[in-house]
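Shared between the two complexes below is chain A, which pairs with chain B and chain C, respectively.
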Partner chain A sequence: MAVFDLPGWTGLAPALILAATALALFVVDSISPRSANRALLAGVSATGALASLAVAVWFIAAGVGQGGIDGLGVIDLFDGQFVVDAMALYFMIVVAVVTALVSVASYDYMADHTYQAEYYSLLILAATGMSTMAAANSLVTIFIALELTSLPSYALVAILKDNRGSVEAGLKYFLIGALSSAIFVYGVSLVYGATGHLQLDAIAVALEEDVADGFGGLLGLGILMLIGGFAFKTASVPFHFWAPEAYEGAPAPISAFLSSASKAAGFVIAFRVFTTAFPLEVTGELIGLDWTLAFVILAIVTMTVGNFAAATQDKVKRMLAYSSIGHAGYALIGLAGLTVDGGELVMGAAMMHLLVYGFMNTGAFLFVALAEYWGVGRTFEDYNGLANQAPVACFALGIFLFSLAGIPPLGGFWSKYFLFTGAISVGTTSMLLVAAALVVNSALSLYYYSRLVKAVWIEESVVDRDTLAQPTGLYAAIVFAAVMTVVLLPAFGPVSETAIDAAAAVI
Partner chain B sequence: MNDWIAIGALALVGLLIPLGMMAVSYLLRPSVPETNKRATYESGEVPTGGTRVRFNIQYYMVALLFLVFDIETVLLFPWAVVYLDAVESDAVSLTEILGPMVAFVVILLVGLAWAWRNGAVQWAQTPRQVESDR
Partner chain C sequence: MEGAFSYAPAIAAFPLVAFVVALAFGKYMPKKGALAGILATAGSLLLSVVMLVAVASGEVYHGTIYEWAVGDALTEVGADGIEFTFGILIDPLSALMLVIVSLVAFLVHVFSLGYMNGEGETGLPRYYAGLGLFTFSMLSFVLADNLLMAFMFFELVGLCSFLLIGFWFRTRSAPSAAKKAFLVTRFGDYFFLIGVVAIASTFGTLQFAGEESFVAAAETAIADGTTLFGFGPETWVTITGLLVLGGVIGKSAQFPLHTWLPDAMEGPTTVSALIHAATMVAAGVYLVARMFGYYAQSPTALSIIAFVGGFTALFAATMGVVKDDIKQVLAYSTISQYGYMMLGMGVGGYVAGVFHLMNHAFFKALLFLGAGSVIVLMHHEQDMWKMGGLKDKAPVTYWTFLAGALALAGIVPFSGFWSKDEVLYDALIVGLEQPVILAAYAMGLLAVFFTGFYTFRMVFLTFHGEPRTDTAENPHSVGWSIKFPLVVLGALALLAGVANLAPVAKLTGMDITYLEFWLDGEYGYVEGLTYHDYHELVAFEEGYISSETVTMLLGAGLSLGLAVAGAVTAHVLYNVPEPTRHTAKLGGAYDVLRSNYYQDEYQVWLAEGLTLPLARAADRFDQTVIDGVVNGVSTASLFGGDRVKRIQTGIVTNYAALLVAGFIALLLVLGFIGGWFL
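Up next, the complex of A and B:
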């Protein structure tokens, strides 16, 4: 393949394409700042996201990041500040897919909005940050990518300037984000103080060469603070409480974007930092504690808190927000299940779950966007009987929710199944506990997901509704996400293979 | 000798000198109580109004744009210093040394053009001015 002839920096092409798309949006808006050509703006962002997706898929197909005879190997850039391997490309795909879905859906949702160009350029800039995060391989580049993602996200959450809920959500999100950024960067400084390096591989080497002997406490505290930063980005306990507020106040496509793409990006840096920089054995000896233990606790607490809180909600968007916290708990199993000589199965399963989640959760939030577009209200009762007016969208909603719950024929079942078998195969008592928590929580989640399905399909509508509009963009995005949630089932062979290979490569 | 002793001695001297000066002047000066001495600026402007003055929101945009170009300068300076050496050496080609900086400046220019077109550098108008423009 022609990848051989390209210079090394083109390995970052999926992220660079998104950056170029953001600049193109600025140029478009500079040419005619007064007029808002919605179709052009949404089209440019969707095209950019799809181009980024295509390049990332092409790289994976061409064998970037794979060893062996036909593989092209891992691309190392700027002295290892960035690394383009299978895991980076995998998460770039997740980000690009969600960005494309959200741009298409925003075409209808943001129809009457004043700041069109700003909205799309912020969206693409945040996606650029997430894509960069996937490839970042040094604590500095990780922090910069994290901020590049966070800053546009704050503005996006608060973009409905006249809506009290949106502004309040933006402020809360910003305050907690600033706090967790400070904690994260302080953790970075402590790790640097203990090891003298910021590049992840160099940290691992320093730990193995006993550079950090005697600084075990410092290092442990640094690692704990890094976990705090990741917990914010992935909306896990203890920094999860911004999520319901921010998701509820934000425009629904942005909630979809944050809860899917942003969460996946948070997980990729967590995976990379903990697998690359802190080898289990050495780090465990130094700080006197296995760091997987922290993730075992976080995984169980996060999924339990998320699911129990979701079960008591009256508002659909809040329920989805808490369920998104629960799913962060499932994905944390990927880190909890790492062992000294393995764990690629469970981490690959977590990556699979994040990909499937990118479709089913984005789809569910986009259905909420559709409901907000119709103006039907926010509670479960308001959704009663929507299936009579909009059977296609409601059928798609059923697919998303049952997939989120993990009902067998759908994508969500397979990723949860792999997580479960992966956790069991590790075999330690704590992992069996995690596996049990996964099953119990999934069973509980079925209750509140089916509550929404019941409201939409079985309950009679409280008020008489006129026929509902069928906005093309939103419908296209929802139907595509639903098709992908189902289609991922036969395609699960290559997907799971890629994910497990990618996980094995970094461990 | 421990290095910290020297630092401690410096801190001590740093504290003693101002305290000593204040003590000496307290002993030497005549005491002439007067109300003018209580003013904020004893020999300058007579202060009027409170301390919480409202600044025009426009300063915020100016500060933001300034910050962008400030950082640009910080990056351009070290680049400009090594530029000639890099061009003369064979290890680095002209595109390698020039390309990244041109890309950086172009990105900034796109941002500036966008901000300009969207009225960031336009001075804020009072509602009355906006009315008369229509």
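Up next, the complex of A and C:
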């Protein structure tokens, strides 16, 4: 295998390719700063994202991160500051896919906007950060990757500079982000204070060697603050306040990007930190309780707040923003369900959900992008009767929404189903509670998702519309996402295998 | 002979094809689908006879055609799996029944040429399609080798009866009668379905025959004393058997679910002939015969069957006495005659019951078709008081109808005498040891008198005396398609009794009880489904008055005497040139009989006075409590959503405050549990 012959640092290739793409975009822009060749910019971004995707898929196929005779083993880089294993590659794939979809969709959406090149390079830089987050294996690299993701994101949300909502949302996002980062860094320092290490494996070793004895409260507070940082990134309650405004104010492709890729990246570091650095048994003895309890609480509260708030929204984008919070709650089950001697099933399910979510949620936001492109308005009413003019896109929207609600046989049903059975199989009271909350919230979510389907397909249009344009890029991205939402089902065998293997490898 | 049996599915398939053909192309065919039906039933008849011959040569067939569901199930007796299949069981009983059903169906189809086509009815393709589907359903039911398949076709039979009884759907009464037939039999079938489920979950099999059958499993359970669902095995067999019996009582029109049958006369007379002789009503008794081994294990269930049968026989016969409509008289006679069959089955007289089922099929088909012929003669007049004197004007109809009447009344040597006598004899010998059965026997015996009376009242009013109206004076003529079936059935009504001349055999010692041999495995047989197997299972003691022969002669003489007495009474009262009603003699009883013992009234009351308020209460509960809860949940959710939405104030300082507050709350909770603050 060719992977053998490459130097170790190439393990980070998916992230490095994205970084190179961002630099290439700068080069393109500096050659002709005045003219915005949209096709070239979008093309370079999409190509970079696809190249990153291809390499990540190749690595997984070649067996990077898998033990045994066929596998190439986990690649450790820079004294364990980075690690390229199955989970890292899995999330690099999620990030790359969403980035590619968003790049293609932005081609049409960003037409007539200024700062084209900046937009794409910031997008790819953020994607680089997310890809790096997937591989980060030390609290320092995690923080750097986190900031590499966050700073471009703030700018991206505010990129529509003459749009008041966009600018306001960007500022709010930045302020909450700064607060959260502060909490996170403080948490890092407390953990370092208790254990004397920043590298995740080293922290685990230190905990086993009883270095932190007597610092249980300190360590617990530090862990809780780390959770705060992750909660910000994944838009979980109570660190979610930025999300509705940011998603609503941002250009719709950016909303899709943040709510899918950024969330997935937030989850991968949460998964990694908690599975690697804080083994349940040892940590539990020290801090006096299982840290899964924190995630149980967060999962229930997050999915409930997200879904309940989404139920009564008038604006489609804001509804999707809240639904995205709700889905963060579902994914948190993956951490809530970890146990001393297992939990790979439920964590694998959460990873699957994030992958499916990457398609269905991105697709739904891209439909909103399409609606904004058409200029039909923002409320449910404005969407009435769109199916008459754009049946293909509306059919895709139906797929996204029903998949988000978890209707069989779409992808979203299966991932939710695995989450549910996974939660049940853990069998503790708190996990049964979580499973019950999952069901109740899914039922509620069907209400507001089907409201949108009803508006689009059943209601009569309130205004007479002219024929709607069919922008190629947006349509291509939407249709591709819809197809993936559907075909991920037959492909679910290998996907779920990969996810569960990846989860089992890190636990 | 395996080759012959491979054609068995075609017996049922032919009428199904006829159904499709009549439905799709009936409009364009010369006789509107009649020919397709005749050909199909003729084919079925031919193949059925082939089956009969095959069984006679010592072969039987039991095979699965299609397995449509297999599942794991832990059943009460410990079997771990259940299969739902379509299969065919051809043994002496089903082969005999196949011939009866296809013969009657064939003759009804032929008769319909004169009765329906000749009278210029509209909607004939629908009629013939219905007949085809009806025949198909019944034949499949007869072929069924398991209870679930039997249930399915049992239901299909019910559906077809609904379609055909309501054939003249533009009238007011026919659709109502069709609905009544459907609903009343459905009420019984509801228990049947529960019974099927109960048997399946108890024994894990629904097969009628073989080692794997539920009958054998029940036998094992009783032998081992296995507790089934908290009951003793015999009790449980009784309970499940009675549940299945619910369907039988509905379909075979036994008290108290008999009320649909007289109304069902609203259908074409040919349909009545088919329903009463060979299909719908016969299905119930056939089911009892089919799973007789199961009932045989429960003396309680048998006693109930016998008592219900005896009671129904008398009950219906008394109502038949005062009817004016020729078809109504026949309707009540049907209920009564099926009562005899149930009585026969219930006392363990398997052969007697099947024998009467066969004879009844022939003579009742004959009587209905004869009545149909009379109705044609009378230009669709059915009131017997407007007839009279048809004897000379329609001799074929008269003589054949008379043969049927003699058989029905049970006058020697017509077929009905032999089978009815055997039923009563079996009831008597068991009744001598069992008071309950003796009561059932007494009712059955008394009913013989009424049967003789109403039968001959009908004959005399219709055919004898002076014509009482102009139409009776100048009747319409009838063609060969009407006469041919009458002649065939007339011959059978006279001669079918030869199949089992039990009294003669006992007196002379000759081996001429062919039907008993037939059902007892002298020819082909399926293990466990023979008369002597059943006989060993039935726990009833038998007693005799001095000796077997004396008992037999006494019983036969008694019943024959009563039948003749009934006939003579009718002769005295009605065989006069100008008969009068004689209703005053009955006094208050007349009103009761005329109103059918107020059976309809109390059932209507049950529906309107009891079920309806209950349904209303349930509806109110649903509308207020259930819907209220559902609506409340949605209102609460939306209200909650609205509140949650308001947390998002839009002011970033609030967010920061809430974020920190939330974080601190989480910290306090976890810190408290973890003991970080100590």
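The criterion applied here is as follows: the second predicted complex is superposed on the first by the 507 of 507 C-alpha atoms of A that agree within 3 Å, B and C clash if a C-alpha of one lies under 4 Å from a C-alpha of the other, contacts with A are read in each partner's own complex, and residues count from 1 in each chain.
Heads up, the rule we're going with is that a residue touches a chain if its C-beta (ideal position, glycine included) is under 8 Å from a C-beta of that chain, and two chains touch if they have at least 3 such contacts.
These numbers come from a predicted model, not from an experiment.
K.L.:
Please tell me, clash or fit, for chain B and chain C sharing chain A in the overlay.
P.N.:
On the shared chain A, the partners fit.
K.L.:
With the two structures laid over each other on chain A, which partner does A:317 touch: chain B (first), chain C (second), both, or neither?
P.N.:
Neither partner.
K.L.:
Residues of chain A touched by chain B versus by chain C: which partner has the larger set?
P.N.:
Touching more of chain A: C.
K.L.:
Mind working out whether A:293 is in touch with chain B, chain C, both or neither, as first, second, both or neither?
P.N.:
Touch partner of A:293: chain C, not chain B.
K.L.:
Counting only touches as set out at the top, which of chain B and chain C does A:33 meet: first, second, both, neither?
P.N.:
Touch status of A:33: first partner only.
K.L.:
For A:416, decide between first (touching chain B), second (touching chain C), both and neither.
P.N.:
It touches nothing on chain B or chain C.
K.L.:
So in the superposed three-chain picture, is A:444 touching just chain B, just chain C, both, or none of them (first/second/both/neither)?
P.N.:
second
K.L.:
Angle at chain A, chain B to chain C, CA centres, as a multiple of 10°?
P.N.:
It is 170 degrees after superposition, to the nearest 10.
K.L.:
Touch test for A:233: chain B only (first), chain C only (second), both, or neither?
P.N.:
After superposing on A, A:233 lies clear of both chain B and chain C.
K.L.:
Looking at A:197 after the superposition, I want to know if it touches chain B, chain C, both of them or none. Which is it: first, second, both, neither?
P.N.:
After superposing on A, A:197 lies clear of both chain B and chain C.
K.L.:
Between chain B (first) and chain C (second), which does A:23 come into contact with in this model arrangement: first, second, both, or neither?
P.N.:
First partner only.
K.L.:
Pick out the closest CA atoms of chain B and chain C after fitting on chain A and give their distance in Å.
P.N.:
Across the overlay, chain B reaches chain C at a minimum of 25 Å between C-alpha atoms.
K.L.:
Considering only the contact definition stated at the top, list the common interface residues of chain A for chain B and chain C.
P.N.:
After superposing on chain A, no chain A residue contacts both chain B and chain C.
K.L.:
What does chain B use to touch chain A in their complex?
P.N.:
Residues in contact with chain A: 107, 110-111, 113-114, 116-119.
K.L.:
Can you check the complex and tell me which residues of chain A touch chain B?
P.N.:
23, 26-27, 29-31, 33
K.L.:
Taking the touch rule as given, give the residues of chain A at its contact with chain C in the complex, in rising order.
P.N.:
171-172, 175-176, 179-180, 183, 216-217, 220-221, 224, 228, 237-239, 241-242, 244-245, 287-289, 293-294, 297-298, 305, 308-313, 444, 447
K.L.:
Help me check something: in the complex, which residues belonging to chain C touch chain A?
P.N.:
Its residues touching chain A are 634, 637-638, 640-642, 644-645, 647-648, 650, 652, 655-656, 658-663, 666-667, 669-671, 673-678.
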